[in-house]
C-alpha cells in the first residue's frame, strides 16, 4: 500500500469518526444558555398558519437524537400530557398523531405552544418545564405522527399497546408549506 | 474410467504430492484468498480474527480497570463506560471465546481425523465471512459511538425500545444473528466431519479426547444457539416493529428473555470450556507421554457435562423471585456439574502421576489451568447455593468466579494449545524462554487482578458500576486488580512478541516435534493443502505411538478433489466423496446476508428486498459448475 | 513422514454416493433440522410461557384465529406428502423421468400453500403489536413460513437442475432424496404449530 | 331395503337440521330482541303496588327541571302521543345552537317558553313557543373563560338548567352558577364556585328546592376535590358546601350522621381512609344527579370517582368518593352515606340518578330509591336509612362478585383488580360503567325502569400518576370494547321489584342519551348515530324513529305546548365522553384516545358528524 | 465479610464457612495431588498396577466429591429453611419499595392508609423486627441488596417480589442496586439505618409530619421558588401544593444522609452542587439543569435545608 493511499484511508477514518452518529448520544446536560425560546410570529392573514421563522438549530439536534426523543416520551407521560392527548389520539386535548396542527407542527412551533400555552385549554408550561425538556417533548410529539427520521423513532413504549408502531407509519410531514420568500421578508 | 488418476503404488512420493497440490491448492493471489475453502486457510483466518478481538476486548478491560483503579474517577463517562463493559463482554463471549474454540477445531479436527478437508467447506468459508461482518458491524458501531450499552446479557426491558433508544441494541442483536449463523454452520460442519470423515479404523472409542470434546461442543451449539437467536430475534422485533414479547403491560415478560438467554448462555460457558478440556487432554497426553487414564470415564464426563449444562440455567435467576422449589432443583443440578469436572481433573492428575511430565510451556499452561480453574469451579459450587448466590449475585465475587472459569479454564488451555499447535500452524517452534516469561506474567497478573475481586465482591461491590464511592474498603483491592491487569497486558505483549519474532524465522519444525500421538502430527508442518498424500489408517487411540510405518489406504482420485467417508461408529471406508472447489459465492452470499441483516435494522423492508440478492448468491453457490465429472453418471 | 508409509488397502472400488445416513448431505440436513427443531421447540416454550401469563387464551376480547385457511393448508400440506414420497422413492431408484415429473408437481403444489398462508395471516384476528399473544402467534406462523419459502426455493433449484445435464449426477439424486426428507420435517412441524395456533386457543378457557 | 331406510332417515335428519338452523338464524336476527317472550306479567296492574311517588308539582305539562321532578322519574302524564299514533310523529320545528360539541342538556319548558343551555360557551336561549317556528325570545351569553375547555374531562358539555320562581339557574364550564330572569334573560346574580386552574369545571344540571340551588363540581380526572353546594336562590350566596373528602367538618358530618353500614362510620374517614394528603386531590365530585324528598327534606346525590384512577396509589376506602349521600337541604348535614364502590377500582363513579319510588320489598311497602349504578348493579335502597335492599347486576359483570348485603360492601373480583405495570383484560363493566350519567326513566304504567346503558368491557393498565395541578391525574391506560354479544349499547326495561330485565334492545353504539316515558305507553331515547326512537313500554317494540342531524346524547322531554298539544323535544349533537371522538376530531388509531374510547368508537366518525340542533316533534295534523 | 447485620447475613456467614471448609479441603487435595504427581515424576509410569490403582482411586474420588456436594446442597437447603422458619409469613412491618431509574421510592405500609409513610432513598428498620419488603419497579429491572443484611431480590416491572428481612444488629448500612439498570446504575444506593424500636418509632413519627414551613425570609423565598418553578412539577413535599411523583419525595429531605440516592453526602455545599448542576454530578439522571441564578439558588437551598 502506498503511503498516499494510507493517508487517504486515515483521512476517511477520521471523517467517519467526526460524523459519528450524534443521534445516539446521551447528551443529558443542556447547554447552560439563557432561555431563548422561539417565538414564531403569527402571520396577519392566516392566524392559524404561523409564518415560518428561521430554523432553530436545536430543532434538528433534538429531533434527530433518539435519546432526547425518549426523554420526551418519558416526560410526555410524567407531565400528564397523555392525560389530555392520550397516546397521540387526543381526548380533552386535540389529537397529536393526525395531520392537523392548530398552532403549527414544526419543532419551534410546538415548543412555543408548550411554553406559552394556547387559549383553548393548553396550559403554559413556562417555569414548569425547562427549555431542554420542552425541546425533548416537542421531538416526541412530532414522533407521534412519525415525522422525524424513521431510524430515530422507537417502536413502542413499555406501556399498554395503543397504536400501531410509529416506525411502521408512513405519514408524511404535515406542516403546510409556506409561500416562497416569506422566510426573509415577514420579520 | 481409465482417465482417472488415483494414488497408490503407481503414484506416490513427490509426483503424487505435486499432482495433489495442483488439485487442492487454492487459486493464487487475492482471488484465491477470497475464494479458498481450505479448512486450514479458513481456520487460521478465524483464529487470527478471534485473537484480534481478544486483543480489542482486552484493551477495553484495560480502559475499565483504569477507570476503576480509583474511586469516583471521572476518566470515562458513565454512558461510555456502559458501552465499554457491554462491548467487553460481548466481544469476549461472542467474538472471541466461542469463535476461537470453533476456529481451532476447524483447523485441527480434519487433520486429527486424517482427512483432507472439513465437511461442507463452502459453508465453512461462508461462516467465516458472516462472523467477520457481524463482528465488524459491532465494532464499527462502537467506534462510531453507536455501541450497545445495555450489557452483554441485554436484559429487557433495559434493552427494549423504551429504555435503549436508538440503534445500539439493534446492532448488538443483529451481531448475534450473524455470529449465530456462523456458529451453527461450523457446529454442523464439525459434527459431520467428526462423525463421517474419520480415518479408517478410528472407531469412536479410538477418537482423541479433543475430538470428543468438539463433538459434544458442536452438538451443544446446535441445541443452544437457537435460544439466543430466538430471543435476540424477539428483542429486535420488539424494538423495530413493535411486538410485545417483553412488554409486561401486554403480558409479555422480561423473564422470558432471561430464560431464553440463559438457556443459551449457560451452556455457552461449557461450549467454551469443553474444547479447552480437549486441549488439556491432548497436551497432558503428549507431555506425559501416555494416554489419559480412564478413557471411558473421560468421554462420559464430557458427555455428562454437555447434558447437565442444559439443566442449570435458572441459577442465573435466583434473585428474580421464581418459585423456591425450582431453585432447589437447579442448585442440585448445578452442583452435579462439578462431578464430571472433578472426574476430568482427577484423570489428568493421575495421568501426570503415571506418566513422565515434560515442563514445556503448553504443560505449564495446563498446570496453571488446574490451579485457577479449580478455584473458579469451587466458587461456582458456592454460587450454586441459593443463600450464598443471593449475596454473591451481580457482585465482583461473580466477576472473579467466571474469570477464573473462563480465563483459567479456557484461555490458559487455549494459550497452551496455541503454543502446542503453533509448529503445525506455522512450521516454526515458539521460543520456550519467551513463552515461559509470557506464561508467568499472565499467570501471576491474572491472579493479582482477579483474586482480590473475590474479596471486593464479598465487601459488597456490585458489578457493572462505572465508579464506586471511596471509604468502602474497596479502594486498595481495586487498585491491586488494576495493577494485575497491567501485568497481564505485559505478558500478552511478550506472547505477541514471541509469535512475531518466531514468524520471522525460517520454518524449522518437524512434522511431530512434541512426539505426540494423534494424526495431525502425521501431516507435514505446516500441512500441504491436501493434508495427507494417502488416507492414514488407525489401529489404536494413539496411532503415532504405534511401531512401524504409518499404515495408509490408497485409491482416492488425484485429479479431482475427493475424500473418504467412513461409517459413523466403526469408521469403515464407505464412500469416496467429491469435495468442492474454491468459489467466490460464499463471500458474496455473506455480503448479501450482511446487507439484509444490517438493512433490517433500519427498515423491515430490507428483509424482503434483501432476499433477492441473497437468493441469487445462494443459487450461484449451489449450482454445479462445468460438466459433471464425478462418476457414476446415471443414464 | 519420517517412517514412511505402508499401503494397506485400496479405496478405488468404493461408490461415490450413498443414500440416508451414508450421505454427508443427510447429516447436514439432520443438523439443520435439529437447529430448526430447537427454534420451534423454544418458540413453543415461549408460547406456553406467555400463555401462562395471560388471563385467558386468546386474551379478551380477541377471537381465536379462523379455522378455514389454516385447516385447508393442513390438509393440502398433508397431501403433498404423496408426491413427496413418490419423488423420494424415484430418486432412490435413480428414476430421472419420474423425479423430474415429481419435482414439477411438488414445485407447483407449494404455490397454493403460500396463498393459503397469506389468508392465514389475515385470519389470525390479532396484530403482532396488540399484545404478547399476537406477537407469539405471528412468530410461529412467520417461522414456519420461512421454512416453506426455503424448501420451496430448494425444490425449484433442484427441479431446474434435474432438467440440465447435472441431473444425471448420482449425488443430485441424493440431494433430491434429502430435500424430500426436509419437506417431511416442514409439514410435521406444521402439524404442531397448527395445533398451537388454531386449537389450543379453542381448548383453553 | 334396510339401506334405503337408513338413507331416508339421514335425509330427514339433515333436512330437519337445515330447517332448524334457518329458523334459529331468522329468529335471532330479529331486532329488538325481547329477553322474555310476551306476555309480560310484572306490570303495575298485576303486581298492584309499584307506583312512583310524585313529589314535585303535579304534572302541568311543563318541564321545569332536567329530571322532570324531584323524584327523577322523567315521566310525562301526557297521552296525546301514544302507541297507536306515534308513527305519525313529525318534526314541528328545529333550532340550531351553533355549537358542534356534545349536547347532553334537557330543554326546559315553562309557560310557553323553552329554555336551552348549550355546551361551552354555555349560551342560554329562550324560545317563544307561542309563535310559529318558536323564535328566539332572548339570548344570554355568559362568556366563560376559554381555558376552561382544557380541563373539561369529557367534552365541554352542560346537562341543563333548572327553573324555579321565574328564574333560570344554570352552571358554566368555568365554575359559575348564574341566575337569570326567565322572562327577560337578565342576569340576576352569579357566583363563582371553583377554580379552573385546579382543573375544576361545572357541567351538572342544578336542582332547585326549598329556595336552594344545589350544584356540584366536576373534575375527578384532574384530582379535583369534590363538593356539593347549596346557594340561596335569591342572592346566590353559598348556604353550605359539603366536600366529599377531608375532615368531618368539611364533609358536613356531625351528630346527625347515621350511616346504615359499619364501614361508613368513624371519625374523619375522609382523611384516614387515604394516604397522607391524598384526600386533597381525592375527587369524589358531585357531577351527576340530585334528587330531593320534600317529606324528609333530604337531598340525595352520589359522589364521583376518587383520584387518580390507579387504585394502587390510594390504599384505603377513599371516603367519601363513589357513594351516595343523603343530606339535609337546609344545613347540608349528612344524614347517611353509603359507599357503592369502596376503594374504587375502575372509575365507577356513583353519580347516577336516584329515582325515588315507593315499592314493595319482600312483601312490605318501602320508601326506596332505585339506582342503576355505574358498577353494573341495580341498587334498591331505603332512602331513609341508606340500607341496601337489593343489588342486582343489570348486565354482564366480571369486575365484581356481588354486593354483600350484610356489610354493604361490594366484593371485587381479585382476578380483575388492576395491577401497576400489567394490563388486566376483560373487565366488565368498563370505566364508563354499565351505565354512565345518561338518566333512566320510570313509568308507573308498567312499574319498570327504562335504562339506557352500555355493554362494554375493557383492558386496564395502570401506572403511577403524578399530580400536577390543572392537569389530568389518572394513571391508567384503558381500552374499551363491546361486551358479550358484540353490541356496545343496550336499552333495558328493568323490573325493580323482581330485580330482572323484562326486555332489552341491543344497540350497536353505546346508548348515551337519557330516557323519557310518557303516559301514552311510550319510551323515547336516542342513539349516538342520530336515531331518535320511540318504543313500546311493554314490549320494547320499535314504533317510530327519526334520524337527526347528529348523534343524540341529550335528554328527551315532553311537554304540552301553548296550543294544548303534546310535544316531544330532544337536543341532538354528538359529543360527551365517547362522542368526543367526533366532536373533538380525535384519532381513532389510538385505542386510548378519549380515555379509552379510541378503538371502541372508531366507526363513529362514519356514522355521524358533529352539530347541535334542537328537534321538537308533534303529531302531524 | 459483609453479612451479619441480619438473619440472612448470619446464616450466610455460617453457610459460607461450611462451603469454605469443604471446597478448601478439595482444593488443597487437588493441588497437593497435582504437585506431588509432577514432582514425583514417573514413579508409577506405565505399570499396569498404577493404572488399576488410579481407577480404584477414581471411584473413591467420585464418592468423596458426591458426598461433599451433597453436604453442601443439604447445608444450603437447611440454611434457607432456617431463614424462612424464623420469619413469619406476615411480619408486623411491611415496606414497599419501588425502584426507578435511579432512585428508590419507599412506602411504609400501614393498616390505616393515612399513616402510610413515604420517603425516598433511605430505609429505617427496627432491630429484631421481621419486615416484609415488597419490591416493584417502574421502569427496568433493578435489584434490592443490602450487603450487610444479605439477601437479594430483583425488582421486575410487571411483577411484585418480596423479601423477608430480620435485622439483628443496629448500625448504618449501605444498600445498592445490584442489577445493571442503565446509565447511573453505579449511583443507585440506599441508606439503611437499623435502630432500636423506640428510635425507629420516633423517626417514623417525625417523618409522618408534614414538611416544616419555611422559617426565614430567605427560606420563604426558596419555598415560593420551589412551588412556582420546575421543582413542583416532579417532586412532592407533604403539606405544600407540590404533589408530583416523578422524582423523590422531598418532605424530610434534610434529615437524610445523602443526596440523589447515595451520590453525595447531605451537606449544604453538596445541595448547592446538586441543584446547580445535577447533570454534572450524576450524568444522565432525570433531574434537569434549571439555571437558578445565585440568589435563587441560595433561597432554594435555604428552604430545602429546613426540610428536616
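Lettered A, B, C, D and E in written order, each chain numbered from 1.
Keep in mind that, in the parts below, a contact is a pair of C-beta atoms (placed from the backbone, for glycine too) under 8 Å apart; a residue touches a chain by one contact, two chains touch by 3 or more.
A quick map from chain label to UniProt name: A = Cytochrome c; C = cytochrome-c oxidase; D = Methanol/ethanol family PQQ-dependent dehydrogenase.
Not measured: the values here are computed from a predicted model.
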Set of chains whose contacts include both subunit D and subunit B: A, C, E
Path length in steps (a step moves to a chain that is touched) from subunit A (Cytochrome c) to subunit D: 1
C-D or D-E, whichever has more C-beta pairs in contact: D-E
Rounded Å distance, subunit A (Cytochrome c) centre to subunit B centre (Cα mean): 46
Intercentroid distance (Cα basis), subunit E paired with subunit B, Å: 38
Centroid spacing, where centroids are CA-atom means, of subunit B and subunit C (cytochrome-c oxidase) in whole angstrom: 30
For subunit B, residues that touch 2 or more chains besides their own: 79, 157, 162-163, 238, 241-242, 244, 247-251, 253
Residue list for subunit A (Cytochrome c), restricted to those that touch at least two other chains: 26, 78-79, 128, 156, 158-161, 164-165
Of all residues in subunit C (cytochrome-c oxidase), the ones touching two or more other chains: 54, 59, 129-131
Every chain pair meeting the contact rule: A-B, A-C, A-D, A-E, B-C, B-D, B-E, C-D, D-E
Contact footprint of subunit D on subunit A (Cytochrome c) as seen in their complex: 77-80, 82-84, 86-95, 97-98, 100, 119-123, 128, 159-164
In the complex, subunit D residues that touch subunit A (Cytochrome c): 146-154, 221-222, 423, 459, 461, 463, 465-466, 468, 470-474, 477, 479, 580, 584-595, 598
Residues of subunit E defined as touching subunit B within the complex: 1-3, 8, 11-12, 15-16, 19, 23, 26-27, 30-31, 33-34, 36-38, 40-47, 50-51, 54-55, 57-58, 61-62, 65-66, 69, 72-73, 75-77, 79-80, 83, 101, 139-141, 143, 145, 147-148, 150-154, 156-159, 161-162, 174, 176-186, 189, 262, 283-284
Subunit A (Cytochrome c) - residues contacting subunit C (cytochrome-c oxidase), complex: 156, 161, 164-165
Residue ranges of subunit B touching subunit A (Cytochrome c) (in the complex, touch as defined): 79, 143-146, 157, 160-163, 165-168, 238-242, 244, 247-250, 601-604
